[in-house]
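Each structure below is given as structure tokens.
Next come two complexes, and both contain chain A; in the first it sits with chain B, in the second with chain C.
After this line comes the complex of A and B, so read on.
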């Protein structure tokens, strides 16, 4: 089966500081790939390169076999990338409804139907539609940020710490909702998440990163519950 | 009574200037300091077209809008390579360049001597003469411009601009093209600024570069800072306060010798105080940083 998303020999970083060193990965349609690794190992940078926010110095990114390395982030979004950044990308001065509308304008179909679908996945947003996004709680903000990403036609979902800063209950709710939507929309996802206990049952493959490289690949997500093994990966 | 109508005309003149600047500064968060340049280009284009080219006022107005929009696109393309303070300084630079051109390109603009004898427009062959007629005509024009701008504010375009203002990278990740959207906003704002420019030229029948200085650009930004930006109320409040306050101060009995300077000081103090106590302006939504 042809990979839906490939990264080949990615070298990237911020000015003089190289963060990724020849990173390659292939993702099959419908797969859920979890990126783990110690802080600063390059997980977020890899997501940025995949999303088009950061240009790699070397290497290529291919979507369904087409080289999209030179395509900017806004165009990639229209090609089917949904990218949830580490910082919640909501617009505080706009209402929840306007925030949802923002991501829908480039899409064909009925806004109300799609909004209804997102609200059924994230019911906590329903009573908040007319409120400004700035007044939402942390969990509601994250639900909105993910809801906005999913309002569009998305094939590949890139999630950078979707439960960061949330209570365990809110984190579980968000991850469950994301998983349900992912299954229903047959999305391929790359997720960076530290809440390994919560996420392990929903991922199909685990990539371990360290010092800008993918150092291990595990097809059995139960490895995420093996602390000794993880320590070995993280600290060598 | 002419004084009252003159004031009303001036308020009517600044309304589209403030509301068009509100699109870039208030909605887009772009601190554009060359709005007076667009206003001036509109005024000069109109004046030259009706005097030198002998064009009818309505056609001259339309062409001046197109010219200003086109120049706005050029200025926008260059200045939108920058953001934040750098954008501010680049637009400020363009303001100074436009003023220098108006002042020094004597063959085209008549330089510091300005353009005199701009014909008065009219309806059905009757030329406007009194401030009342101009004020009423300005009112009609403002209604049209505001209807257009309010539709733009409410449209997806307006919401996307607000999104860019708050988080450009986040908006891009949703498929919004920042450069394209910002450029459209600058062009719309520039084209609309040309209308009061042409109206001003038609009203005073004489223009020179001193009406379109950097100080004028700062004044227009100050209108939004004081009244508030990013919504529909702020610019109107700013225009009324900034234009009527000096007139009110005329009647407080300041000695003639210092009246102008004291008025400027009061103006400055008010702005500084407002930025301290209410940085988003009297009726604003967006806080300029």
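After this line comes the complex of A and C, so read on.
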């Protein structure tokens, strides 16, 4: 099967500071890839490169076999990428409804139908539609942010710590909703997440990063519950 | 009492003009987070365009006004693609953009002075007809300024409230990084902000030119009025910009009652300092969470 998304020999960073060193990965359609690793190892940077927010210095990003390395992030979003940034992922001064409406910008079809679909996935947003997004709680904000990403036609979903700062209950609710949507829409996902116990049921492959490189690949997600093995990957 | 009513009416007329200027300046500040100093230069350029179309080309003020709006839209677009976009692409610091904007303002002011001279340029139109509204007397042009000013603000308000494009302009000021990630056309939206802003400057520029004329050096004064109105009203609220503009104009007008008009700047900056000390986020400040940035 042809990979839906490939990264080949990615070298990227911020000005003089190189963060990724020849990183390569292939993702098959419908796969859920979890990226783990210690803080600062390059997980977020890799997602930024895949989403087109950061241009790689070397290497290529291929979507369904087409090189999209030179495609800017706003055009890349139209190719089927949905990217949830670690922070700053909603517009606080607009209402929840306006946030969703803005995210529907390029999509054909009925906004209300799509909004209903998102509200069925994230029911906590339903009574909040007229509220300003800035006054939502952390869990509601994250639900809105993911909902906004899913308002468009998405094939590949890139999620950067979707449960950061949430209570265990809110985190479980969000991850369950993401998983349900992923299955229903047959999405391929790359997720960076530290709640390993919560997320391990829903991933098909685990990539371990350290110091800007992918240092291990595990096809059995139960490795996420093996602390000694993880410590070895992180510090060994 | 009659004098106070007259001064209030004059303040309202100026308030309509100041509110348009505040909206023009505020749009760029709120959406692009740029302290748009070049706004003063674009204001003067628009005033001179109107003057040229009326006095040199010989157009009636109405088509000249429309021509000025088109010219303003074009110069605003040029300002975005030639000045601000290169800085935005490089992720330049806001201080660098501010200096560049100041440079553009000075260049525009000097170019206009070179081309048209430093003298006051007026539009000859004879004596203005006075209109009595109860105890208040307004000239025809004042009435035109009032109606066009509040009409334009009202029209834009309706657009801001109901069109998704205008929501996107507002959203751009919240999280500029999120706009392209969601696939929104960031460059088109930026250009639209500058076009709208400059058109909002061109309306009062034409009306003021028609009333009292213009000279190449009035830009800084109107730039400061716009900036103070935005800061006083509240940088994050369209209604705040309008309230700030009207409040400033009314206070300036009432100051003339007790002091000389030479002290208007004292009123302007006194109001600014008072607001910054006692109500930092302006008169109209939406409810926000504690951790939410102002």
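Methods note: the second predicted complex is superposed on the first by the 235 of 236 C-alpha atoms of A that agree within 3 Å, B and C clash if a C-alpha of one lies under 4 Å from a C-alpha of the other, contacts with A are read in each partner's own complex, and residues count from 1 in each chain.
As a working rule, contacts are C-beta pairs under 8 Å (C-beta built on N, C-alpha and C of every residue); 3 or more make two chains touch, one makes a residue touch a chain.
Just so we're clear, the structure is a prediction, and the values are computed from it rather than from any experiment.
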Determine, for the superposed arrangement built on chain A, whether chain B and chain C clash or fit.
-> clash
Which holds for A:135: it touches chain B only (first), chain C only (second), both, or neither?
-> second
Which of chain B and chain C A:148 touches, first, second, both or neither | both
Which of chain B and chain C A:26 touches, first, second, both or neither | neither
When the two structures are overlaid on chain A, which partner does A:97 contact: first (chain B), second (chain C), both, or neither?
-> neither
Would you check which partner chain A:226 touches, where first means chain B only, second means chain C only, and both and neither mean what they say?
-> neither
Pick out the shared contact residues on chain A: the ones touching chain B in one complex and chain C in the other.
-> 51, 53, 72-75, 77-78, 83, 85, 89-94, 98, 101-103, 105-106, 148-149, 152
Parts of chain A lying in touch with chain B, wherever the complex brings them together | 51, 53, 72-75, 77-78, 83, 85, 87, 89-94, 98, 101-103, 105-106, 148-149, 152
Chain A partner, complex, touching residues on chain C are 164, 167-168, 170-171, 173-175, 177-186, 236, 286-289, 292
Once bound in the complex, which stretches of chain B touch chain A?
-> 156, 159-160, 162-163, 166-167, 169-178, 230, 285-286
The chain A residues in contact with chain C across the complex are 51, 53, 72-75, 77-78, 83, 85, 88-94, 98-99, 101-103, 105-106, 132, 134-135, 148-149, 152
